[in-house]
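As written, the chains take the letters A, B, C and D, and residue 1 is the first residue of each chain.
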Amino acid sequence: MSTAGPLLQVEKLSKHYSVGSRGLFRRSGGTIRAVDDVSFHLRVGETLGLVGESGCGKTTTARSILHLVQPTGGTVRFEGEDILPVFAAGARPDVLRIRSRLQYVFQDPTLALNPRWTIGETLREPLRIHWPGRRDQWEARIAELLGLVGLEPQHAWRYPHEFSGGQRQRVGIARALAVEPRLLILDEPVSSLDISVRAQILNLLVSLQQRLGLGYLYISHDLASVRFVSSHVAVMYLGKLVEMAEVDAIFARPRHHYTRALLSAIPVPDPDSTQPRIALQGEVPSALRRPAGCPFHPRCPAARTVCREVEPRLEEDEFGHRLACHNPA
Amino acid sequence: MDAAIPAPLPAPPVKPPGIWRQGWYRFRRNRGGMVGLGLVLLVVLVALACPFLAPHDPGDQSAMLRGGARAAPSWLHPLGTDRMGYDVLSRVLYGAPTALAVGLGAMAIASLVGIVIGGIAGYVGGLLDEVLMRFAEFFLVIPVFVVILAVVRLFGIIVVGTPLEKVPHLNLLTIIALLGLFGWPPIARMARAEFLRLKQAEFVEAAICIGATKRDILLRHILPNALPSLIVLVALGIGGAVLAEAMVSFLGFGDPKAISWGQMLYFNYEALKVAPWGSLAPGVAIFLTVLGFNLLADGLTDAFNPRLRQ
Amino acid sequence: MPSIPVSASSPPLLRAEGLVVHFHTRDGVVRAVDGVDFEVGRGETLGIVGESGSGKTISSLALLRLVPPPARIEAGRVLFEGEDLLALPETAMTRVRGRRISMIFQNPATSLNPILSVGAQLSEILVWHGMATKREAPERIAELLRLVGLTDPAARLRQYPHELSGGMRQRVGIARALLCDPSLVLADEPTTALDVTIQAQILDLLAELRARLGMSMVLVTHDMGVVARMADRITVMYAGRVCESGSARTIFHSPQHPYTRALLDSMPRLDRSYRSGGRQLLPAIAGRPPGLLNPPAGCRFAARCPEATAECRRVLPVQVAVGPDHMVACLRRGSQGMAA
Amino acid sequence: MGTLRYILRRLFFCACLVVGVSLILFALINAIGNPIEILLAERPGMTDEIVAEISRYYGLDGSVTDRYLTWAGAMLQGDFGTSIIYNQPVGGMLVTFGLETLKIQVPGILIALLASVGASVLAATRQYSRVDFGVISAAMLGHSLPGFFVGILLILVFAYWLGILPSYGAYSTRSMLMDSEIIDGLWHMVLPVSMLAFFNTATLTLLLRASLVDTLRQDYITAARAAGLPERRVVLGHALRNAFIPVLTYLGILFGLMLGTAPVTETVFTWPGLGALYIMAIQQLDYPLIMGTTMVITVMLVAATLLTDIAYVLIDPRIRLG
């Protein structure tokens, strides 16, 4: 694992929004720090699971990496190259070089496919953009992609509305794979699917990773699927990374009190479960009024005075377990 | 990647229904929509074939000379003659091309302006969006009809003595242009909403991730998906424009050289008591045309926005 | 009609028999609920599990005769405290709804009237059912809001739904269901729209309230974890039919129906490592649920079932008892066939 | 605080609108040159001096901006100038004619509101039934019938064929009905008000029914039913109020449309209102009267939109801070 340099290296990534009505009638507002000083890295063949509750900034992190939103600060290195300036400069050959190797799979495949295009047209789009000189190979590649995700070649002539959710998500994955990426960002790829279909897609993702040697950034609030898919897990709370470690370490020995509460909050499908329960008081505060010190301290069962005043830094122990907590478990 | 060279795609099976064909299937089941389509086709057909359908020359006033003005319907004049001695049926048939020209012309202008302004506002967003939408709101709230009357009247005086005076049907063209220029705000608002929604749609973000150009995104992804909602508004707008022209003409501000239903009402309203057919026939023609476009729009909403019914 | 053996001790609080709900769409009849039976005992929580389209939500709405327009209840009986709710006149039904059976909805953001204050919408119900006068209502409601864990209830009464957070809104929704001290509460995916830590709070609250107030509950959900935590008994639904029902322990520890088994197996588990000893895959269920416009003849799960025979594709299985308080609808487990 | 701010913002926008409309018209009128010259051009014996004298009398000397500012300043003090054709103060005429216009418009829209609520509730609560189909079809037909054509039909039937209602004017010219000015006035109002009510009922019913059908599908309606509230209360108390929110915007536009097309309505019924006055003014190029009538129509329209905006804020608590 440590032989190659990281596939993706995110350093101090931040995305802040100013809120309040803009324009002719300006009003006072505030700043939402949707993503705040987030750093992590990911190697070839690894899957980093990025978890947290809604509004914790996990999706904004992913969108910032792809420049779907413009980050406020920080750097993103992909295969060693600092990509954010390239996106910002917008020189088309450079942007395409990165886009072809860094792809995104969306949460809801019903929304992520152009309803007016056949599956073939949808899959042809990346080829048209990235392989303009290999026109003769397009059709064969489309057939190959459909096979890769478990669909039939004749599905190319169908429209998205003729498919079930699971099949549409297969198409979404095929599109992302079209131009041989190295890294896929998977944003809740199974949460909109029926429960009996989820396992198929999760298995598909794992087999594709093994076959194609991909890196995955897997974003989800469904911790069970994270445990299945990921090799590493990063936990976010209010725009901050609070804990990050290898998957089994996080699930077996969580150290941040938020991670512990999050894990214990998930009901286990076993009526005799003796799962320890750590009840959290209150709700996640508004990102506009983020508490001073550790952002989690108002809800933390182990908060001390220092937690209210000093914001803990993310520090790594000798086992590579990274943690931002003054008083870890 | 797979070592084996995969087979190329097989030939397409029977052409599967696309979104337009799907829409047509749904449209066909809407009785109202089909009636609307029938009415609209009827108007179009009449407009194209009026020289062959009309029993008399629409400019023929000879009945007046024979003392046959305001004659009740007869075999010679199926809908009677009006107070100027014209054959009512012929004038009504010849009114169809004028009505369509007004409706289509005005909505062509309105759609162009509306889609461009609304599209820019929705796609670019920010301050530009706010400014453009205030502008649209302004146009939406001013008493359009009142302003149009004044402009038609005053413009008629302004052009006297300029080369513009010689343009054929200048008055009608002015009305079309005005209806177009004042008719864009609803289209712009819808276009803005659609562009804004589609800009954030996941399949558009997917296209960005793939590296599609802005042009591709606007023309291949956003515009085609925004069209169904806009077409509904355009269909409604055509009916509205036909009605507006009829009202302008009814008040006597129409084009004296054009044959229009509103003009017929204007000339014959005084004789309503003695020759009601002169007013009823063009009135019914306006009604059927407007109804046709309204029903068509209703059917299109049903066909393309099925989530509204279900 | 299949019959459920009535437990000897006491009659159930509610029993649905042969419930059939069809959606009459322009494309044809969608058999959303197609002959469903279940029962809820006094003080018991019944979990109805199934994926989207299994008919679980429509079944629960049918208990109150509230299926939305293109849908119609075609057949069945709902016996509640001795009377058949489906046969009651509408006016009598309004005295059952909200008062004896109440409901908690999935999405707290849309299930509260946006233009009425919390106090106004709750007191209207209380006053209508004659549980309080207009003057007493605010105090009663404030008390209830405190019970469901809302701080500063007096202020909450004046607030509008959009001024509350998702978790708070759901607490208001729960308070609304408890207004008239009902004997049965129907909860339709009460935590699906919420984040996990808030979900845990709401589940704790529901469990506590149930213990304190002694009411029965029907909990409709797709989340196996939630039923495992909350339910005493479970009914598993698939494509408009009941596959299996029994005590929570039976369903989780010795499921009989191939669908229940496959579903439990296919879910990734929090408490299991998938990395130690080589990369493992999940035992996924192939295929997808059938469309209900023209459902297949025979068992609805047959096309995806590893054990299916030709007979399974032809005849519809009827529930059969395979153990104490354990019923299964599967020909391979001894069910009788019913010609489709 | 939020509400006040919102209303102030709307007021500012409305003021801009009034100024904008006056500017457009003023510019147009000026584009045709000196209206006095045009009016007098065909009359014999008009020397340049007389034209200049009359122009000065009507304030037509000086630059365009000066003239606009003079006009606007005077108007703000309630002085709309003097009508060239009628040689009367425009302000007084506007009040007289404006009241006549409101006399038919306000009852027209109020009747329409009541009727459309009834029809929509009837239809929406019986979705897909024959009643529903009948209401939609009738509303669609009514909505497509041009308003002025309805007026013509009404006159033909009730005035000419049946002879029971007057075909023109606001008052009888010879003998009052039952010798009462009020009864006579009401008698004359019947046809114009019917026409306006007819058209508005159709349009509002289409909108309100659609909105009500949509609202009745919402979760909170099912929740209200599940709480045991009887259907009457669910529909009238919960659904109708919510269904009105999207319709409100349109109500402002509808009132604007009615005022805007007052020239047509009042021509059909020869009604002595603002619309008829406006037609007269533009035909005769009576520019103080054109400006005056347009301003009043615009202000009425703006007031209507402002009222709907305020109604919005009162009904929907969600936009209080908008």
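Definition applied: a residue touches a chain if its C-beta (ideal position, glycine included) is under 8 Å from a C-beta of that chain, and two chains touch if they have at least 3 such contacts.
Which protein is which chain? UniProt says A, C = ABC transporter domain-containing protein; B = ABC transmembrane type-1 domain-containing protein.
Given the structure is predicted, the values throughout are model-derived calculations rather than measurements.
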Pair of chains joined by more contacts [C-beta pairs], A-C or C-D: A-C
Identifier of the chain whose CA centre is least distant from the whole-structure CA centre: B
Chain of greatest Cα-centre distance to chain A: D
Interchain centroid distance [CA atoms averaged], chain C/chain D, Å: 53
Rounded Å distance, chain A centre to chain D centre (Cα mean): 56
Intercentroid distance (Cα basis), chain C paired with chain A, Å: 32
For chain B, residues that touch 2 or more chains besides their own: 134
Chain A: positions in contact with at least two other chains: none
Chain A residues within the chain B interface of the complex: 22-24, 66, 68, 92, 95-96, 99-100, 103-104, 106-108, 111-116, 118, 120, 125-126, 129-130, 139-140, 142-144, 147-148, 153-154, 156-159, 161-162, 172, 175, 178-180, 212
Touch list for chain C against partner chain A, complex: 51-53, 165-168, 195-201, 203-204, 222-229, 231, 248-249, 252, 259, 262-264, 266-276, 279, 281-286, 288-289, 304
Of all residues in chain A, those that touch chain C in their complex: 53-54, 164, 166-167, 194-200, 202-203, 206-207, 210, 221, 223-225, 227-228, 231, 247-248, 251-252, 261-273, 277, 279-280, 283-284
Contact set on chain C toward chain D in their complex: 61, 64, 66, 68-70, 90-91, 94-99, 102-103, 105-107, 110-117, 121, 124-125, 128-129, 160, 162, 173, 176, 179-180, 186
Chain A partner contacts - residues on chain B that touch it in the complex: 1-2, 5-10, 12-13, 15-19, 22, 126-127, 130, 134, 201-203, 205-213, 221, 224-225
